[in-house]
Every structure is written in C-alpha cells, then in structure tokens.
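The following pair of complexes shares a single chain, chain A, combined with chain B in the former and chain C in the latter.
The block that comes next holds the complex of A and B.
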C-alpha cells in the first residue's frame, strides 16, 4: 500500500507541495487541505507540478476549496474532491500519513 | 481503525486546529477509535478554559471539550509546551507555585511519552499544524 501526504500550505507560499511530490513514491496519494487547495487550481504556475506528477493521485478537501471561492470547474483535471469523511477514508486506505507542513 | 491525532498549532491562528477537530469528529462519527489527541507546541493553547471568543465565532476550546465528553476522548497537553505558555492544572500549580489554574475540563497535562505511546498504539498518526 502507498502513503498519504497532506499538504496544507499554498504552493505560492511554501514549496511543500513540490517537496511532497518529489519525495512521494509512485502510487502515493496527495491530499490538499487548508491553503494547500490553491495547488489544485488550473491555470496557475503550480499546475505543471500537479500535472507532471504521474503516478500520484491528488485530492482536495471540498470545504476548504469552497471556503476560498474556488469553483469546481477551475480545478485541475483529475483532482478529486473529498469531505472530512473522505479524508478519514484516505487515511484508512493508505499505509501511513505524512503531513508536509 | 485506531487513530492518534497531533495538533501543533494554536487556536485562531491559521486553520490547523479546525482541520484537526473536523477530522477527529468525522473519524469518530464513522466509528473509528481515536486513542488520543496530543497537543504540542502552540497547540497547548487549545486547552485553556479562559478563552472568550465573540459569540458569533466558533469556540474552539469548548468544541474540543464537547467532543471529548461525547466520545470520552483523551486530550493531552505536552507538559513542557504547557509550562512555557502558562497552561496550568492543579498538579502543575502546586509543583510550580502558581496561584491559579486554567486548564479546560477533559484536558490533562502529561509528557511527550504520551505522544510516542499514542503513535505505537494507533494504526495511524495524523498531524495538523504549521
């Protein structure tokens, strides 16, 4: 089983998304929460990071996306929205959880 | 699944304590066990009963207390972090000669070993903070 990485900082503030992608193994899941959800927006300088990370599954916390006024049609293709129950399911279905703070 | 949760950030700082609370609540509502919530660094500020946020704002401390009462959660403040930030229970007041306590109900102050134990005993450790 693969690992789950949580990223809670904007890719325009810190490089934690880039690092999480770089250090994650193939098959890893990366969950964007809090300001990390800015990394899920299409048409930004960070889009290439996410699109270039083949073999990684990307998720974003729906309530944090909504709280920042990001409409769902502005999300990068392939980013899946989850709620907190989905967050719990991701934790359960992966081997371990690493927070990239 | 048995979970341990670590909170490294103070309330009303960014969003980490909110995330940790909603995650913990969702896990409990799904029937998972939360072995312990360990508050570290500025996270210990989640455990003072003296906060008075505006009435139309969420009360982060009371929210933890209510969740702990409902699910008998173990809420632990790191003792060294608590001493630095003035979080005091009866034992700490006596030991350090303080004239008051401020710890919220359902919270307790203990050592870092409680975090290690929680990590060993649980299937997953989920960390929230800066």
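The block that comes next holds the complex of A and C.
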C-alpha cells in the first residue's frame, strides 16, 4: 500500500506541492487541503505540477475548494473531490499520512 | 486639521488559509474611522481574496466576501488588482466581485472600484502613497 500526502500551501507561494510530488512514490495519493487546493485549479501557471505527475492520485477537500470560490468545472481533470468522511477513508486506506506544510 | 494622507493596503495572501486577509480587512474597517484616502492593492495570491462564488457553509469559517463588497461604504476609493497575478492564476476580472462606491455628499457614483492594472501603474501608486500597510 502507498502513502497519503497532504499539501496545505498554495503552489504559487511555496513549493510544498512540488516537493510532495517529487518525493512521493508511484501510486501515492496526494490530498490538497486549505490553500493547497489552488494546485487543483486548471488554467493556472501551476497546473503543470499536477498534470505532469503520472502515477499519483490527486484529491481535493471539497469544503476548502468551495470556500475559495473554485467551481468544479475549473478543476484539473482527474482530481477527485472528497468530503471530510472521504478524507478519513483515505487515511484509513493508506499506510501512513505525511503532511507537506 | 491634519492633512489627508494616502493609505495603501497591500494584500499578497490567499484568503482563509492564513489570518492575513482577515486582519487586513479588519484594519481597513477600523481605519475607515479616520479621514484618509484609502486604496487596496491585491498582488500574488492576494487576488484570490476577491474571487466570487465563495461558499464557506461546509467549512465553519466566516465568508468575508460580503464584507469586501461593503468597502466602498467604508471610504475605500480604489481596489487595484495586479493583472499579471490574475493571469498566472487563470483568472480575469470577470471572476472577481464588483464593489460599488458612492459619495453621499456629492452623490457621485462608481459601479465598480475593482480595477486590473499593470506593473507600471502599480509603481506609480506605490510612489504616490504616504503609507503602505503590508499583509
């Protein structure tokens, strides 16, 4: 089983998402929360990070996406929205959780 | 009477993830009690503060977009947005809220004080400001 990485910083301000992708193993799940959800937006200067990361599954926390006014049709294809229960399911179904701050 | 000064609030952080955006808003509202010329600038992730459609119902956080919409009533005359920061985030001014302004004495009205500007305009605005507050 693979790990779950959480990223809570904007990709425009910090390189947390870039490094989480870089140091994650094939098959890892990466959950974008708080300001990290900006990394899930399509059409931005940072979209290449998620689009270019093959072999990783990307998730974004729905409540944080909605709070920031990002509509679902603006998310990068393949990013799956999860609610708090989905967050718990991800934690449960992976080996361990590592936060990229 | 003291001279009216030009106050500039420089906002560079995304909303909600940190306290910066909210703190800036609080200071702007408090500052409105003083007779100053107030402008706000939004640069880098600060432009996200004005993105419309925010829904915090599932987040248990206060949605402060409605507060931004009232800033025209608190003496804020201009809200400048860095065009390059918008473009880097795939945004246009159509994605942003509009903020009305009205002078109650002269009845002068402006439909929307949110305006995208380039770096040259920014430099002028910074140079003209007497005080710049950074958030």
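The working rule: the second predicted complex is superposed on the first by the 101 of 101 C-alpha atoms of A that agree within 3 Å, B and C clash if a C-alpha of one lies under 4 Å from a C-alpha of the other, contacts with A are read in each partner's own complex, and residues count from 1 in each chain.
Here, a residue touches a chain if its C-beta (ideal position, glycine included) is under 8 Å from a C-beta of that chain, and two chains touch if they have at least 3 such contacts.
Bear in mind that the values here come from a model prediction, so they are computed numbers and not experimental data.
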{"item": "Residue contacts on chain A - larger count, chain B or chain C", "value": "C"}
{"item": "First (chain B), second (chain C), both or neither touched by A:51", "value": "neither"}
{"item": "Which superposed partner A:97 touches (first chain B, second chain C, both, neither)", "value": "first"}
{"item": "Touched partner set for A:34, first chain B, second chain C, both or neither", "value": "both"}
{"item": "Which superposed partner A:88 touches (first chain B, second chain C, both, neither)", "value": "first"}
{"item": "Partner chain in contact with A:8 - chain B first, chain C second, else both or neither", "value": "both"}
{"item": "Contacts of A:22 with chain B and chain C, given as first, second, both or neither", "value": "neither"}
{"item": "Residues of chain A that lie at the interface with chain B and also at the interface with chain C", "value": "8, 34-35, 63-64, 83"}
{"item": "Residues of chain A touching chain C in the complex", "value": "8-10, 12-13, 34-35, 38, 41-45, 47, 62-64, 66-71, 74, 83"}
{"item": "Complex contacts: residues of chain C adjacent to chain A", "value": "13-18, 44-45, 48, 51-59, 61, 63, 65, 88-90, 95"}
{"item": "Complex contact set, residues of chain B against chain A", "value": "1, 3, 8, 14-16, 19, 22-23, 25-27, 29-30, 32, 124-130"}
{"item": "Complex contact set, residues of chain A against chain B", "value": "6, 8, 33-35, 63-64, 83-85, 87-88, 91-92, 96-97, 99, 101"}
